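Here the structure is laid out as structure tokens; the discussion comes afterwards.
Chain nomenclature is as follows: A, B, C and D, assigned in order of appearance, with residue numbering initiated at 1 for each chain independently.
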Amino acid sequence: MGVCIEFQDVSYAYPLTRKAAVRHLNCQLETGKCYGVIGPNAGGKTTFCNLMRGLCPNFYGGILKGNVLVNGKNLLEWEEEELSVQIGYVFQDPFAQVSGIKETVFEEIGMGMENLGVEAEEMIKRIVEIAKMVHVDTLLQKNPLALSGGQCQRVAFASILALNSDIIVIDEPTSQLDPEASNDVFEIIDLLKKQGKTVIIAEHKVDLLAEYCDEIIAIADGSIIAQGSAREVFADPVLREKGVRIPQVVSLALEMEEAGTPFCRMPITMEETIRMLKEKKEGK
Amino acid sequence: MAIEVKNITFSYPNSQVTAVENVSMTIEKGERVAIIGQNGAGKSTTVKIMNNIYKPTKGTVTVDGINTKNKTTAQIAPHVGYVFQNPNDQIFNDDVTKEIDYVLRYWKLSEEEIKRRREEAIDVTGIRPYLEMHPFDIPLPIRKFLTIAVVVAVSPDYVILDEPTAGQDLWGCAQLRTVMDYLQSKGKAVLTISHDMEYVAENFDRIIVMAHKNIIADGKTKEILYRPDILKEAHVKPPLSAQIAQAIGIRTKVLNLKELTAAIS
Amino acid sequence: MTDREFIESFRHYQKKGNWWCDFHPIAKLVFCLAFGFMSLIVFKWQAGLAIFILAGIIAIFTPARKTYFITLGVMFVVGCLFTVVVRLYVHMGDPGPVAFYLFGKAVPKAAVISCLDLIFMIEGFLGIFMTFFLTTEMRDLCYSFEQIGMSPSATFMVLSTFSGIASIKEKLNSVRESQRARGIETEGSLIVKIKSVLPVLFPVIISSMTGVEDRTLAMDARAFAANGKHTALRKVAPAKPVEKLIAVLALIICVAGSIAGRIYL
Amino acid sequence: MNGKKRKKKKMDNMTKLLIPLAVAINMLAYNVLYSTTMVILGDSIGTILVGAVCGPGPGAVVGILSNLVNVIKNPVMIVMLPLNVAFGVVSGYLSRKKIFIRLWKAVLCTPIYGFIGGWLSGSIIFLAMGGDFWGNMASVFVGIPLFNAGVPKYFAMAVGQLLFDCIDKAACLILVYLIIRSLPDRFLIKLPYGKYVTSKQYDESEVEF
């Protein structure tokens, strides 16, 4: 599995700020894996995603030290337009991602491809296919401005996926959605994983992340404090010192340890915890 | 001293579709109540009728005996505070202290009174480190605490929190608990709409369940969260600890991880 | 329309089934501009009336006839009557042949004619423009301009202007709601309203401007900055030769008519 | 607008999205201000604002689009197009002189705007109306009394328009100044003319890594 994104001693400070937002980041992200980025607010999660997409030097300005490589090529050498095809980016606020110039969801999904000059027939095929995948195929004729938060977020996903980017960066997609819509979003992320795309999600809902992500990166006050498989990272005590939220099943396991009845293996998902607790009950 | 809502019905001005049908409830002073239910069940509308943003088409709402029918929203504001989901709709000063002082000065309170309330609100919501920053430079989750500070400074008897935990991290949730403990110590009632079942189970002792535009249950948190039929009708999942407890057959009604650990061992 | 037909409609040119609505947007625009400016330049009631009748005939053969006559009626009452009254008042008692007496003062024939000129100039100009704006979709007009070289950013700006006006009104309502809930009065006497202008207007402007940052990133994520060849889902048929002919004819009539009108009338 | 030389970066995305918003702000300010104060129109706030923070080019485009929206409702307004464009362009050049950093500097420029919005617009309507008065507050309260006092019709009308428009433009300039002061610096410096409107200067050197 090749390395698609690499951070080489990256530090970055936003313009007009005294303190650097992120300091000395070093990490390598492999293609086809799903990474969860967790950490407190203003700890550097969003800056990490922006750096990956090249928004930090190109759009926000500020000072960048070290270099970010995408598919081996330094970000600064990438053309603006190529970047938006290479890396898809979905944002936190669903309603800010509606273009406002299209009157139906069908055309809204096609907008990205229209900008890139994709042929009409190919566009129609891709839109229908992606709309089915994202469960908005029943909303194709609705006006995008009249959609609910969850529907808007799914349409935003669809219009980015239509560009067929291999890497998708998602910055807190579910913070304004209710639990049902959050599950829909994570189902989409699951489908992306099955298609072999690299997915990077910054998110607060840690319980959902634990179920869907292969690897977790924990970032707090500007530096990576832990990186590895979900099981290792969540058990790492440094997370609790830096105030990083961990899944409830993990805190349950830790409390069970204090109460003298530890689990044999650190659980990550609810089903796993229930299975282990049942075994423990029969064992007693 | 309570907010009494007597079988109110409401439909938006230019649509016959009713948002809420014949809802009744009473919120006593000092109570901590959470309203849960799926989006579109009428939660926000009911709460906006309570602080008189919307006037009910049928039924009446009285706040501490004052009927809201012939009162404007601003006249009810000193009694019922509302923290909105989007803080950007309210902030228009370029300085945190000016933002908190604005309403107090608008009501022509004395300078020391304004200063006392503002300092207390800033300490309770923990935004002192951000005083020099421009409100729109403060990260969004922390900017929400600025709007909470504004409501705390007004110190109404009833405080409504709309999805307070959306986008909050550990620090945010802890800060929210301090604010709620402060309001509890002042004997104020706290009413919230939330999908975060852990937050609801942890902090609220009464739950009102809403579905298809009216109330389908209203009772103690422990009872409601262990009634699978009600939660199913409202499309709401109980907190994780309750789900695990029921899955492995523990009878005691568990609300958080500590109780679950105790129950298991 | 079923989804199948809807998707199928993107495979060929958009058709509305009415001869004037399917008329090529730019040719139609040239046609209407020509006659509109002719009415403005000639500034005589004969020319204005002729164009007004022409516009009326076209409007009758289009689906938008009802809205056409209602808007025109409103325009006539609001626009012209107030100006005519002021003009007659100024010319009261001037010398020259008398048309009729008003409040005991002589109203000269010249004043009446100048009023008629004014009314029919506006009605003619208004009428022909209405036949254009009520029957062509702005996105089709922008698409046709794009075919002859206008940059796609211009289309984006024009189209998002119209949707921006609608969404900013919604923003205003939600800001009013949150400021009222905070205690700032927005209804009532004039002084109260004037005092509420700042707390209502500023949050809308500031939050929608800072919101542009997120929207720019979202549009950038969809390769909005790509300056290569753009394609489009919604296509409009290119101008047929007969449509180009009509547009050119209209131009000739406009130039000839203006010169003739200036000399003879 | 797209005829700009390749060297000069094409109008960046942020400005392209700010322009339609400014037109919506014009409409909104008109609805809110005109209905409450009857004197202040406020329909040029967006044009002046974008002219000040993005430069004369984008300011002019806002003027054109605002005029286009008005033309659809009332086509006779098309004669006002050059004035709306003038507001945007003038704000751009004045912003270079850093007038929007001090309130008194901004208000001092009211006569320039008043001249464009009052005197020139009055003259255009005066011509369009065939050299005569028409029904608006300025001509009824100031124009006609001056005319009866012997001042020639054109000047009476023009002075009337100038006075009324100065009130409106002074209010607009104050509001634009307050809006710019309320906007965070981090947002302003991303805009082409951001450097002219942000007062605080930050040096890049002492950022601690």
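Worth a mention:
Assume a residue touches a chain if its C-beta (ideal position, glycine included) is under 8 Å from a C-beta of that chain, and two chains touch if they have at least 3 such contacts.
What you see is a predicted model, and the numbers here were worked out from it, not measured in a lab.
Common neighbours of subunit C and subunit D, listed by label, are A, B. The chains that touch both subunit A and subunit B are C, D. Simply put, of B-D and A-D, more C-beta pairs touch at A-D. Per-chain Cα centroids separate subunit A from subunit C by 45 Å.
In terms of their C-alpha centroids, the spacing between subunit B and subunit C amounts to 46 Å. Residues of subunit B in contact with at least two other chains: 92, 136. Across the assembly, subunit C contributes residues 156, 160, 164, 167, 198, 202, 206, 210-211, 215-216, 219-220, 224-225, 227 that each touch 2 or more other chains. Within subunit A, the positions touching two or more other chains are listed as 59. Chain contacts in this assembly form a complete graph, since each chain touches every other chain.
Of all residues in subunit A, those touching subunit D in their complex are 11, 13-20, 23, 59-61, 63, 65. Across the complex, subunit B meets subunit C through its residues 48, 51, 53, 72-75, 77-78, 81-82, 84, 86, 88-92, 102-103, 106-107, 136, 150-151, 154. By the touch criterion given at the top, residues 36, 40, 43, 75, 79, 82-83, 85-87, 90, 114, 117-118, 122, 125-126, 129, 133, 151, 153-154, 156-158, 160-162, 164-165, 167-169, 172, 190, 193-194, 197-198, 200-202, 204-206, 208-210, 212-213, 215-216, 219-220, 224-225, 227 of subunit C touch subunit D in their complex.
Subunit D meets subunit B in the complex at residues 181-187.
Those residues of subunit A whose C-beta lies close enough to touch subunit C in the complex are 53, 55, 59, 80-81, 84-85, 88-91, 93, 96-97, 99-101, 103-104, 106-107, 110-121, 123-124, 128, 137, 140-141, 145, 156, 159-160, 163.
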